[in-house]
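Please read through the structure below; I'll follow up with questions.
Naming follows writing order (A, B, C, D, E and F), and every chain is counted from residue 1.
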Amino acid sequence: MKLLIVNPNISHSVTDLIEAEARRAASPGTELTMRTAPFGVAYIETRAEAAVGAFATLNELAEHHEGHDAAIVAAFGDPGLAAAREMLPIPVVGLTEAALMSAAMLGGRFSIVAISRRIRAWYQETVEMHGLAGRLASIRCLEESLRDIGTVQTDKGEQLQALCEAAVNEDGADVIIIAGAPLAGLARSIADRIPVPVVDGVSSAVRHAESLAALAPRGALAGSYAPPPVKEWSGLSPALGALIGRKS
Amino acid sequence: MKLLIVNPNISHSVTDLIEAEARRAASPGTELTMRTAPFGVAYIETRAEAAVGAFATLNELAEHHEGHDAAIVAAFGDPGLAAAREMLPIPVVGLTEAALMSAAMLGGRFSIVAISRRIRAWYQETVEMHGLAGRLASIRCLEESLRDIGTVQTDKGEQLQALCEAAVNEDGADVIIIAGAPLAGLARSIADRIPVPVVDGVSSAVRHAESLAALAPRGALAGSYAPPPVKEWSGLSPALGALIGRKS
Amino acid sequence: MKLLIVNPNISHSVTDLIEAEARRAASPGTELTMRTAPFGVAYIETRAEAAVGAFATLNELAEHHEGHDAAIVAAFGDPGLAAAREMLPIPVVGLTEAALMSAAMLGGRFSIVAISRRIRAWYQETVEMHGLAGRLASIRCLEESLRDIGTVQTDKGEQLQALCEAAVNEDGADVIIIAGAPLAGLARSIADRIPVPVVDGVSSAVRHAESLAALAPRGALAGSYAPPPVKEWSGLSPALGALIGRKS
Amino acid sequence: MKLLIVNPNISHSVTDLIEAEARRAASPGTELTMRTAPFGVAYIETRAEAAVGAFATLNELAEHHEGHDAAIVAAFGDPGLAAAREMLPIPVVGLTEAALMSAAMLGGRFSIVAISRRIRAWYQETVEMHGLAGRLASIRCLEESLRDIGTVQTDKGEQLQALCEAAVNEDGADVIIIAGAPLAGLARSIADRIPVPVVDGVSSAVRHAESLAALAPRGALAGSYAPPPVKEWSGLSPALGALIGRKS
Amino acid sequence: MKLLIVNPNISHSVTDLIEAEARRAASPGTELTMRTAPFGVAYIETRAEAAVGAFATLNELAEHHEGHDAAIVAAFGDPGLAAAREMLPIPVVGLTEAALMSAAMLGGRFSIVAISRRIRAWYQETVEMHGLAGRLASIRCLEESLRDIGTVQTDKGEQLQALCEAAVNEDGADVIIIAGAPLAGLARSIADRIPVPVVDGVSSAVRHAESLAALAPRGALAGSYAPPPVKEWSGLSPALGALIGRKS
Amino acid sequence: MKLLIVNPNISHSVTDLIEAEARRAASPGTELTMRTAPFGVAYIETRAEAAVGAFATLNELAEHHEGHDAAIVAAFGDPGLAAAREMLPIPVVGLTEAALMSAAMLGGRFSIVAISRRIRAWYQETVEMHGLAGRLASIRCLEESLRDIGTVQTDKGEQLQALCEAAVNEDGADVIIIAGAPLAGLARSIADRIPVPVVDGVSSAVRHAESLAALAPRGALAGSYAPPPVKEWSGLSPALGALIGRKS
């Protein structure tokens, strides 16, 4: 089993966090290829940043997916996920989606704990896009600004734990989703201190990508996730162009 | 990894179909314990039959869950699933739920193909209960009555394939879910003839149960899926009573 | 007019409360048959307890419905209601359902006041199942544990009244539903102190059951509430088996 | 028990149909006061006609409600219902609302059978306003124009029965609502030929109005159904003005 | 371009506020005809008052629409809007609707700031009627009673600004709608002090009415907004009767 | 008034169609700047193509927005719209959004008529994203493949008209939206033959962009549409980078 994991933002330190958690979660024998977006922003919090990250992610996936059994869009918010799923011949999973699916199988309603106030609207819209807003108890977030995206887990550990507890006690969450690639691994380290199951996007995505690759090896030939209709294009990388259409 | 799989109806031939597909889907090293409801009906199609199956399933799970890493409620419609999840200290997955989660990660909208007209309302309500009705394209079903629940796959193979095609072409399905334990394995055999990914409840449940056991080994201590408050009970099996409350 | 009222839990003191309120609410000439579940728990707060109560209720209804014009599932949360409606040839009403219908005809949005925190998720899901979540303003509950289910009305009267007032003033409730059989009759006694109409499940169920019996004397022969398809069964009581299928 | 029944349109022949069915449905001892709108249209099919009917109905209710225990807005579509409920000190029920409540307690999903194509949008919006669109299977209607609103039952009896059957067989209805005051009584006469329970607005409204009067004798003093804030008015009938505000 | 603007309540001082803001917002060359309801209440806060205002508005529109390119129902809550749209051959816009459309194009979620607590339920229902409740962040309102509807802007300016800020900071509003004709013009005067776009019903309605008149000059001849079917009527003004039906 | 109109695909012939319709719709004195995406595909039908178009559009908007009062994303499906709205200091409108707002003010439910089957899923998701799916009657589309995107109006005129009629007669549409930039202007030419108002995205967007520029000249400083938080970026155009963050 070979998985391609693309970090849609440009932070190699975040890619390292993702990789570490992905290796802890992967089944024996699963190999990981890590890619970091070559352009974009340090951390995606907004719809505009997500649009940039989506395009960078599609390019990376187009360029590197061959030889892999499944791929992962490794930013919470799933930038470019539906586009990638439509375009690639292998299963593609996003961090938000994967976490939502795990959470949905562990309880009734779930809360998302996130690292900034600004990021909430984007997460809310992502949950709605996946059709699961009816099961979202709340999105809670750190209110103060971050010093360093790479050390948020140690700088803000206590506040993050308090947010989890408030989600359970005040919002009625049965499950907590720790959101955002910079928090990859945090779920694992604080799970013992939270009284409900804690779910993480990276580990969920790795496991679900493995499952989809095992369960459904063929891509769609019909419906809205079939390969795009052949059409003229210009100004794209050869790999992306080859997936999206033919050059006139 | 040890999984407990309970068939909520009394048909041992259906348990055999479930077991065969579960073994094909399971990861290497996963061990399966199969149980068949000791009372109830031959095949669950209605809310009343599901209520009976739910009680039988809770009894089996209470009696046999010890020593397992996760459990599966192996009837489409998930009788007793939420109750079992609340009661047991290990993850529990249902066939409908598992198939919905797989389908949601493979496309936008999905259709369910089922073996009888009567069963549709129950399936519809199950999808609504899981909060995913917004992604359901349609439920299509065989209209004629079945001769034998054990041979439906061979008797009705062509009609089932036609239902899949109609769901894609007329209802806008991106993914097909083949529903009902008596059809376990059918997805695998007809996948090549259907132009979209085909998902099966049994294999999805096995893979997702494995994933949940790996990802979230602890049960809830708070929230609405925590163990039930201790209270008086009577007339239950010792195992079920021990999980639900204390004897006065 | 003869009504069969089944208390899905094993507490005879609760059955007595239900009976007292039912007699106050019933039209002249209506006769009541009271039944208490012979197995199960003292008070239903969880999905697992509701699954047990549903099975017990179906057995009681199967055994005793003959000669009655309508039946009532007398626990808030309506355990087994849809199953009973499908199975019996007479109208069946649940306490939650009946209270929701009364409340919907008295105002715009309603709140439910309940006796424990744990019970909220189950009530929320019940309202969703009835398709009326869009009109639910809130569910408020007692936070401290109860000493005695039979004396909750006197022990907690002031707190329950405060919850009603908060629902009106803070949550925008136009109507209050006092939930849970142990509170049967409370609505009647505090109605004068609450500034909006107060609705009770037991009295609503008695009146609506009478109305349905008068309005729609025949059961469904088609659709998803027709009698279940005949099928093999085993291990059920003769009465339940006779309603659900035929013995092989 | 005294009920005030207002027909929001000007057709005395329709008032007679309503009265006949209301008398068949009423409990022993219930007295009925019938009123017909003194201005408006012969039969309400559109939003504009409903707005006219609402105003006429409010005037009739203001003028005549004293001495009654409950009131009924006797046009399907419930023109002015929420306004009347807010304004009057007694319970008020509408035909659509009453039929929806009966239907919701008799099955899962219901269809409405109506007498003209144009009326469908208004009925759809009425069901949405009551928050029960999620349980509506379909609205089916006569397609040809009516010769005479007073004889639609005899002129179109077979077509109406065919619409009921199509709703059950094709749309998945568990219950049929026969809509529109001109069809009052039709449900009663064709019930034996329809394989699911058939519900009628007039008889449901009579029974539910009786129940509300028995269950909840006080009106709201707070919330959005409390009496309107006192304010200046002009140009209204003394009775309506007295209920809505004070003359400056 | 000629616009007919009808104030559904009897307050000429409010009509003056509406006119002043409408003139500020109108494109060069747009002419305005102002009408005030000849009967009804001083300010509409409730469903009953809205039903009265709807009838008064329909009469004014019927009497005066000829020679205009579009019309505006100038009370927040849009009394009679759908009825007017159905009845008139020219486009008709309501204040709530117009403000919602502006807000929806300026951000994701919006809050409504209103002048009394009682008015909230009616506004909530209006947003739901327009199908945009999913984008409503909150409705915030002044809690104390008003001394004078004509001077609310100066009496309550600071409190209104505080409500706007709370909507942004606590409810997640991206846009603020200042609701209610008595606040016409307030949006313009406080916009600089609110950190998100502020939208006003009157100015939005004027601009959108101009746009609809320019874009879609013909009325519906089919569908549920076609002219009402011809039918008997009585007791209406000749103008209203001529639009609604023919005199028998 | 100066509007910047960006065509998110690379077809200059489509840009010409958009410009011609935009000029017909614009108010006197409005100036238009037209831009065509420098890279991407000939016509956007899929999520992947939309992701590419979104990025190209953001680049064009960043590069050219200065000196304009509002901007238009000129592809139905609104690629990059929310991102652009968040990023730019001026109002931004999309074709789908603009058409939905016009349609919502002209009737109750609307249908979209589109040029290919494949494009339906993307349009459906766009309507859902705007929160107006509850008012969508249907999306109807041409089934056969197109010979030439530039001549679809003449090649397929009759079929498109038939789709409009079917939407009105069979789906209950009160308004028709002619979707897709290649059909710009078609609404204008066939409006006389369709019995309900016909709405076009380009003309609606031009008028609504003018209105927003007139009504709400300031951008958000708070909420989820405030300018993105400053952060590191790399590999973006200077104009896009300047809007999204600061270079490290």
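Basically, contacts are C-beta pairs under 8 Å (C-beta built on N, C-alpha and C of every residue); 3 or more make two chains touch, one makes a residue touch a chain.
Because the structure is a prediction, the values reported are computed rather than measured.
**Q** Applying the touch definition from the top, give me the chains sitting in contact with each of subunit E and subunit F.
**A** A, D
**Q** By mean C-alpha coordinates, which chain is most distant from subunit F?
**A** Between subunit F and the rest, the longest centre separation is with C.
**Q** Centre to centre, by mean C-alpha position, how many angstrom separate subunit C and subunit D?
**A** That gives a centre separation of 27 Å.
**Q** Could you tell me the distance, in whole angstrom, between the mean C-alpha positions of subunit A and subunit D?
**A** 52
**Q** What are the residue numbers in subunit F that touch two or more other chains?
**A** Answer for subunit F, listing residues that touch two or more other chains: 82, 108-109, 120-121, 125, 172, 174, 223-224, 226.
**Q** Please give all chain pairs that are in touch with each other.
**A** A-B, A-C, A-E, A-F, B-C, B-D, B-F, C-D, C-E, D-E, D-F, E-F
**Q** What does subunit E use to touch subunit C in their complex?
**A** Listed in rising order, the residues of subunit E that touch subunit C are 120-121, 125.
**Q** Taking the complex as given, what residues does subunit B use to touch subunit A?
**A** 25, 27, 82, 85, 91, 93, 97-98, 101-102, 104-109, 130-132, 134-135, 168-169, 172-175, 191-192, 195-200, 203-204, 207-208, 210-212, 214-216, 218-226
**Q** Contact residues on subunit F for subunit A in the complex?
**A** Within the complex, subunit F contacts subunit A at residues 10, 38-43, 45-52, 54-55, 58, 80, 82-84, 86-87, 116, 118, 120-122, 125, 129, 223-224, 226, 228-229, 231-236, 240, 243-245, 248.
**Q** Within their complex, state which residues of subunit E touch subunit A.
**A** Touch residues, subunit E against subunit A: 108-109, 172, 174.
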